[in-house]
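The next part holds the structures, each set out as structure tokens.
In what comes next, subunit A is part of two complexes: it sits with subunit B in the first one and with subunit C in the second one.
Showing the complex of A and B:
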């Protein structure tokens, strides 16, 4: 695997690489290099399986991180390829030419995060949110509680118990009030 | 014109199937639901007795609570000994079991199935999600109170309620039917505009007929 990473490093300059486990590696590449590296890994190195494609919202950095997780059946290694894209104008090249099933992931990302994938088939069709009018709900600046209160009728009288607080009050009251009392073992 | 007249006129107004393409609008029913008055006392009592003894569940599992219906149907809990049996279509069934949370996509189908069921029809809401949203009370995609969209006869609280709780709920429903309290269908007809307003408020792309019977 190190050999392969070095080989890729010679080909293109990637930004960072992480070894998380013996069978799990991550590399971070630039947006423009993605198609090149995916086609190389798929055709020449045996990473024939796209396990998933997912997005992470980095609101503070104003970026989305896309992770393309590939799998090699011969050497049994996962390789995640991370790409950072701009959050305001979220657009990414579609990879449905490499893996036909990736249109489904891209459709979901388009619906939940509002990332555009030009040319991806059926990307505009809605998955779950039929007739959604707000900003995409998985973006972190979408306040889901506020939306729920505004849209769906809350039934009054709902109460919650914070477990730590509840346990302190009810179960360990004796200990909380007088710190001198200790359990026998202490 | 006083308020009564306005109400009468509103009642006669028909919804125009606006969600459908123009060609298809005439294909669907345009009759408002009407309330059904009970027959004379003894006949109605007899009918209620009979209704309570033949409950047919629509085979539409909405949400995770539908998982409890499988053990209920099969040999361990065996609901057929209570005179309850599943049916595949809304037209042939009389009880709608809402199994837990209902997302917007599901509530659309629930409304459509509920309206297609023939009366008298009853609704059992299962799990705390249907009561106040349960653990999904802050979700952007699930409703909090089911009784704003269709009338509910029995709530079974819990997350999840076990099949025993469901059987208890069914028994309670039977009692209610026998005493003639389950008037969900008439309630729906009386407050039809309110229910439709609530439904249309959350179902933004209303691409189905307004009257589904």
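Showing the complex of A and C:
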């Protein structure tokens, strides 16, 4: 496997590689190199299976990370190809030409993260969120709690206590706040 | 058509004799997977009611509610999470964030009830069938939402510090402070334990937002001595921190110090909004006896409320025990000055070298002022009263510490024994090691206490650092007799102390006279507690006051004595420590305000 990684490294000079387990490796490549590396791995190195395609929202860096997880049945090794794409203009080349089933993953990512894959079949169709009107829910700036409160009404009879205020009430009620600064006009 | 196609329907028959794959009773016969996120359990013994589960819940499914039998006490709000299973999505974030690890999930996933209300329940309150189930989801040890490790504080090494009195702890820089502040869960459990009830999560949040001026204002709401407290506070708050249960508590004291260190003294008034407060706006006057933490705190709050305040101090400088009892390597004097100078700039007058009871009587203060607050502290030493303790080379720790702070030279001996196991004993031990190093270039100080190592009242780090500075700490011995020959001390005889407190927790030491030791010494320092000097109270005043069983003056919850004009606080009432004094002064100032407005 290390031999293969070195070979790829010579080909495309990838940015980082990680060996997580004996049968699990990751490499990070540039966005433009993805098609080249996928077709090479699929056609020449036996990574014939796309196990999944998923995304991570790196809000602070203004990036999405996409991971294309490939599998080689002969040597039983998983190889994840990571690509970082811009978060504002979230768009990535479609890989349905390499693996037909990838359109479904891409459709899901379009719905959950708002990442577009131009040319991918039915990519704009709802996946599970019919009639969704908010920003894509897996984006980290989506406020799940706010949505939950807005959408699902509370059953009557709910009440809660703030621990610090409750303890004050129970333990040191007499200790009032700081006195206000008195000025001439007070 | 192939033969196989004709025969294949019949192949089903061979399965007829096999055990079916379907489950006859799927409710009872099908347990969830080992790590299944099923119904919640909560171990009430561990739960402290911090509400982090409620805070993180993205479905607003959790309420914090009082539960019968759960007491609200220090370190435990007594509240417990109630989960609405109409909203829960079993994401397990509540389990992942739980700082004590009390909240877990069982692998049980079926529950039938007629009443929808039953699905809103407090895990752990009522016995559920899954409560004792071993299997289920627990917080992973590998992936933690909480950072349990404190940001290290830079301290001088023993070689760098053992010859001088320069400050040991260097304080956090911005990056460190923000990283440490990030760890806070903001549960606020600590507030109740802080004697001054400071808004700890509030100022930590302000550090995280990098709004230091706001953090500084929050400090002054309850504590006008942040430079002092940020260094030497007994930080009881840290002992109840939610993170303390599973890791290192937030470095609350160091974060407070970080805030105070960031604001230069010339900006105090601007930041705190007290620019034009030099002249009192009320015509009522308050006298304060003692410029220690309690007195200064009372003076500060009275001054901002518009009173004319004057402090009478017996010693030549401010700070009380904070200056004259605590060595400079823990609390540099210029830091005390910084807190104190600000308060002086608010128009508070102070008269040093004036001992009430000698230079001016309390009666005189009573007639000159509308109210008096006294916080005269515990400056007297206590003696073991063993044979030989009246020798001239037997000293009290408090006296020596005061002499060092005053800049007077001490006749340090080459071989010293200190008796005591508290922080003051450590202070004098470490002061003497420095002085010996300066004078003789070597250290020979042995400190012994009644308490064994595990129950020594001193802070752990004090003991560790004293040893690093080459002092010998040999705890668990009771002083028996000081051996004297021709008027000179030879050493201290001790016997093994087997227990310090009796079953009722009262001080009642027991000894094993067969286990003995002799510590050679030519100077002995006693540090077994401090006493108060109330000689400034005349008989007439004393007769108007009520005294408790151990000679303490009785005051009400506002620190007002039976003489309505006399308020008393600080070490002579509560503590002894700085933060109690500050809290007392704060409460008393507000009570004086109420008293004078009547």
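Going forward, the second predicted complex is superposed on the first by the 155 of 186 C-alpha atoms of A that agree within 3 Å, B and C clash if a C-alpha of one lies under 4 Å from a C-alpha of the other, contacts with A are read in each partner's own complex, and residues count from 1 in each chain.
The definition used in the following text is that a residue touches a chain if its C-beta (ideal position, glycine included) is under 8 Å from a C-beta of that chain, and two chains touch if they have at least 3 such contacts.
In this text the structure is predicted, and so the values were computed from the model without any measurement.
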{"item": "Subunit B versus subunit C as contact partner of A:164, first or second or both or neither", "value": "second"}
{"item": "First (subunit B), second (subunit C), both or neither touched by A:21", "value": "neither"}
{"item": "If touched residues of subunit A are counted for subunit B and for subunit C, the larger one", "value": "C"}
{"item": "Partner chain(s) touched by A:10 [first = subunit B, second = subunit C, both, neither]", "value": "neither"}
{"item": "Subunit B versus subunit C as contact partner of A:142, first or second or both or neither", "value": "first"}
{"item": "Partner chain in contact with A:151 - subunit B first, subunit C second, else both or neither", "value": "first"}
{"item": "Contacts of A:128 with subunit B and subunit C, given as first, second, both or neither", "value": "first"}
{"item": "Subunit B and subunit C footprints on subunit A, overlapping residues", "value": "144-145, 148, 152, 154-155, 157-158"}
{"item": "Interfacial residue positions of subunit B with respect to subunit A in the complex", "value": "103-105, 108, 131-133, 137-145, 148, 201-205"}
{"item": "Complex contact set, residues of subunit A against subunit C", "value": "144-145, 148-149, 152, 154-155, 157-168, 170-172, 174-184, 186"}
{"item": "Residue ranges of subunit C touching subunit A (in the complex, touch as defined)", "value": "49-51, 54, 57-60, 62-66, 72-74, 77-79, 84, 86-87, 116-117, 120, 187-189, 191-192, 197, 201, 220-222, 273-274, 276-277, 281-282, 301, 304-306, 557, 583, 586-587, 589-590, 593"}
{"item": "Residues of subunit A defined as touching subunit B within the complex", "value": "128-134, 137, 142, 144-145, 147-148, 151-155, 157-158"}
